[in-house]
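Both of the next two complexes hold chain A, though its partner changes from chain B to chain C.
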Partner chain A sequence: MLYGYGGNILRIDLTSGSVSTEPTDPKIAEKFLGGRGFGIYFLFTELPRGADPMGPDNLLIISPGPLSGTLVPGAGKLDITCKSPLTGGYAGANVGGLLTAEIKYAGYDSIILKGKAPKPVYIFVDNDKVEIRDASDLWGKGSLETEKILKDRLGEEFQIATIGPGGENGVKFACITHDFGRQAGRGGVGAVMGSKNVKAIAVRGNKSIPVADVQAFRKAARAMYKACKDSSGLQVWQRYGTAGVTTWSNEIGAFPTRNFSSGQLEGYENLSGEVMREKIVITDKGCFGCPSPCGKWSHVKKHGVRVEGPEYESTALLGGDCALTDIQDVAYANYLADDLGLDSISAGNVIAFAMECYERGILTDKDTGGIRLTFGNAEAVFAMLKKIAYREGIGAILAEGVKHASGVFGKGSEAFAIQAKGMEFSGYESHNAPSMLLSYMTCDVGAHHNRSWAITYDIQTGRDAVTPDKAARVIYLQHVRPLFDALGACRLQWVELGLDLNLYVPTIAALTGLDRSWDDLLKISERIWNLTRLFWFREVPGFGRAWDMPPARFYKEPVVSGPTKGKVMALEDVERLLDMYYEQRGWDANGWPTPQKLEELGLSEFAAAV
Partner chain B sequence: MHLRADSSKCCGCRACQVACSLANFGENNPKKARLAIHPHFPDPGVFEVRTCTQCGTCAEVCPVDAIPVDKKGVYDIDPEKCIACMACVEACPEGVIFVHPDREAPFKCIRCGQCVAHCGMSVLWIE
Partner chain C sequence: MATVELMGILREHAKAGPEQLGPAEGKTVADVIQALGLPADLVAFVMVNGRQRPKTYVIQSEDHVILIPLIGGG
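And now, the complex of A and B:
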């Protein structure tokens, strides 16, 4: 008995229409845990080398982790892995809600989609009953409407993931939406789902997740909930969620503003968590098992819509980066991105980039189809989201992401295309935050914050300091935080409530029956990180150090305003940071894991395939 | 005295249901929980929590007297006596007598309080 797991891997070949299951291999579970660990294991071992991310050979691997759906605070995280159409490398996107738990109750640890359906379909999973069903009537509809239709048709108990027009039209940063507003956002996982002609996945399960030692598990889990409930940070986090970060981020000059040219938006007070709570929030909405829900369900009266959020990241990119200062406009842009099926982070970043191009004269009214694409123009943001999703006019170029768009627009715009590895930066302006910048540079999907949210470390230890401890901190976070993505649980109880990591150890042991220390688990996380790195080398010709560098704006153009005005890093300091990082990771100067490191992690056989 | 809920505080996380199934069946499975959460999204965008009020309607309609009440006023279904006619499931005014394909007899809240202990939002209490 594989305790803590659903027990099966479900494979669906959309080309042939065949469905099969196999028992989850305990050896793989021990070596890669689950969630993103299973994602990269299956992607690395089963994706044909050099596969077209938008072609039938790409895999869409949907994996809960061992903690998903169990009595652990925040046990509601699901990993979706594929080869990224945005970057050409690895995509691992994470989504909360209830779907991950439901997949476990249906008895699965991964659902692996491959091939391409001949016509639009949705995947129907009801425990052991799996069907590929016609979705012709759903194609073309918004993500949110699609979910509602399927809930009405199948029943409230079904947990559903959908794509919107963005995913159907192959927008390279299209997302997958679940629970009316939670997204597997980054890296274009929605475009891959759309390329397979899969509009939605609906899952229901009613099986029990086997627990090795029920009484010990109950005791350990209860201690975790008690610690969360006793946390001094609980009340504020429950009230504002991630939006509570907005004010702080502006005060320290980390709020992406006008395409990362500044770290503080004038008028940011109108976007704060307090204003949001007062003006639009109507219900707190948590992921599975969450005592501290950051999800906020909002009623945006000005625009007549209901939306989940906006989360801090959406406010940062659709708000700050595009210089919108009305929370209702930001919330509406968030709604549009959700329903159109676009990652709000990349979408906001791409639009901000186009705004800067417009203000510099690189783009004209002719290019934009008459839209005055100036910072602060909310109507322009709404219009651009639709143009991107439907690939209309300039939207067809922006739909490829900011790296591609800057290549097309030229005229020096590469310097302010705010991306790494082809993925747009998320919500932390990092001119004066070396460990945060390094986090973006080295993140394994491209410039995303969730692997290492190190900005607080910069604040604590000095923002100008470029020292080895900064690299060490980034590496530590890149092992702890992705470990949560392998376990299928949320990290925010640890980050925001201060939940002791040691409380996870007995819980995981009682659940799985395997006695592992936190360091043992971190070693698995390091293995996952290094295998992911190997995947990049295998799939991206010429991959190496240059791919870990940020755009020139961060080392050539000082911040134009706000608390960090005038700050910029020297290029040699950026290079030095990277050197320190590689050395501490056991990688060579080009960012290759050394043979010794690979052997230490039990990855030598995988390296041979590269 | 019975389990009560302030639905306006519920975030829909279902920790209460998992705690319930672990306490009462020794299984990690919210589909075997003894309280209900009904999400109403996207419109109006609220959760509705349903709990057992120990009103005794189930016992009244049970044709085989399989739902005794204890000294504390808690009704429970005796699976040995139950004939699975589902009269109680249909009669329950709160819709909180549950069935699961693994189990022949329905099951209901016995006011153990485990859900209360695990709710982070202070939705639930016994009074």
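And now, the complex of A and C:
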């Protein structure tokens, strides 16, 4: 008996229409846990080398983890892995909501899609009954409308993930949406789903998850809930969610503003969590088993829509980076991104980048189709989101991401194309935060904060300091935070409520029947991290150190305003940080894991395939 | 009388306890943070009577001010 797991891997070949299942391999579960661990394991071992990310050979691997759907607080996270059309490397996106529990209850630890359906379809999963159903009538509809139609058609208990026009049209940063406003956002997972002609996935399950020691598990999980309930952070996080960060981020000069040229937006007070709560929030909205629901369901009267959010990241990129200062405009842009099926982080970035190009004269009215693409122009943001989703005019270039767009626009714009590995930065301006910048440089999907969020470490240890402990902190976080994505649970109970990580150890042991220490679990996370690194080397010709470097803006152009005005890192300091990081990771000067490190992690056989 | 409470690692970083501050009424939150010897950037949230306020907020009589750090991130 494989305790803590659904027990099966579901495979769907969209080209042939065949469906099969196989038991989950206990050895793989022990070595890679689940969630993003299963994602990279199957991607690495089954994707043909050099496969076109938008071609039928790419895999879309949807995996809950062992904690998903259990009594553990925040047990509602789902990983979606594929080869990224945005970066050409590894994509692992994570979404909350209720779908991960439903997949687990249907008895699956991964759903692996490959091939391409001859016409638009949706995947129907009702426990053991799996069908590929016609979705011709849904193609072209928004993500949110599609979910509503399928809910009405199939029943409220089905949990559904959809793509919007962005995914259908192959926007390289298209997302997958679930629960009317939760996204597997980054890396273009929605574009891959669209390339397979899959509009939606609907799942219902009502089986049980086997637990090794039910009494011990209940006791351990209840202790975790109690700790969450007693947390001093609960009142602020529940009231504001991630939007509570906006004020602080501006105060410390970390709020991406005008394409990361500044860290503080004039008028940011109008985007604060308190203003959002007072002006637009209707109620709180949480994921499966959440004791601290950070989602906010909002009514945007000015634009006549309802939307989940905006979360901090959407406010940072669609708001600050594009210099919008009305929370209702930001919320509407968030709604458009959701319904069109675009990652709001990348979308905000590419629009801010285009705005800077326009203000510098690199783009003209002729290029934009007459849109005055100036910072602060909310109507221009709304219009550009639609142009990108439907690949109209300049939108077709921006739909490829900021790295590609800067290559097309030229004229020095590469320096302010804010990306690493081809993925746009998320919401922390990092000119004066070496740990945070290193987090973006070395993140395994591209410039994203979810693997390591280290800016408070910079604050505690000195924001100008470039020291080995900063690399150590980033590595530590890159093992702890993604571990949650392998376990299929939310990290925010630890991050926001201060839940003691040691409480997870007896809980996981009671669930799985495997006695593992926290260090044992971190070693698995390190194994996963290094396997994703090998995947990059295998799939991206010439991959290495240069892919870990930030754009020149961070080491050549000082911050123009705000509390960090004038700050910029020296290029040699950026290089030094990377050297420290590689050395501490056991990687060589080009970022290759050394044979000794691979041996230590049990990955030598995988390296042989690279 | 207004009260000030510190959460998490702010207790370790503070050079003085809130009880040593004297009356907080009439001071800004930023003044109080400085008087406690705290790095202002470590204070992520200022909650006053259950509402988030900026550090420029002037503390009123009977206010309950909670200073909360942010360590793990979003």
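Here is the rule we go by: the second predicted complex is superposed on the first by the 610 of 610 C-alpha atoms of A that agree within 3 Å, B and C clash if a C-alpha of one lies under 4 Å from a C-alpha of the other, contacts with A are read in each partner's own complex, and residues count from 1 in each chain.
Basically, contacts are C-beta pairs under 8 Å (C-beta built on N, C-alpha and C of every residue); 3 or more make two chains touch, one makes a residue touch a chain.
Fair warning: this is a prediction, and the values are worked out from it, not measured in the lab.
In the superposition on chain A, contact of A:Ile459 is made with chain C only, not with chain B. Within the superposed three-chain model, A:Ser272 lies in touch with chain C and out of touch with chain B [touch as defined at top].
In the superposed pair of complexes, A:Asp469 makes contact with neither chain B nor chain C.
Legend: residue contacts after superposition of the two complexes on their common chain; A:Glu496 is shown touching chain C, with no touch to chain B. In the superposed model, A:Glu557 lies in contact with neither chain B nor chain C.
Contacts of A:Val214 after superposition: chain B is touched, whereas chain C is not reached. Between chain B and chain C, the partner in contact with more residues of chain A is B.
With the contact threshold set out at the top, not one residue of chain A is in contact with chain B in one structure and with chain C in the other. Chain contact summary for the complex, chain C toward chain A: residues 7-8, 39-45, 47, 50-55, 66, 68-74.
Residue ranges of chain A in contact with chain C, taken from their complex: 232-233, 235-236, 239-240, 242, 244-245, 247-248, 251-252, 269, 272-274, 312-313, 427, 449, 453-456, 459-460, 491-492, 494-496, 498. Within the complex, the chain A residues that touch chain B are 69-71, 73, 76, 98, 101, 105, 144, 148, 156, 179-180, 205-211, 214, 217-218, 221-222, 225-226, 228-229, 234, 238, 282-293, 295, 297, 299, 306. Against chain A, the residues of chain B that register as touching in their complex are 8-9, 11-15, 18-19, 21-23, 25-32, 38-39, 41-47, 100-101, 117-121.
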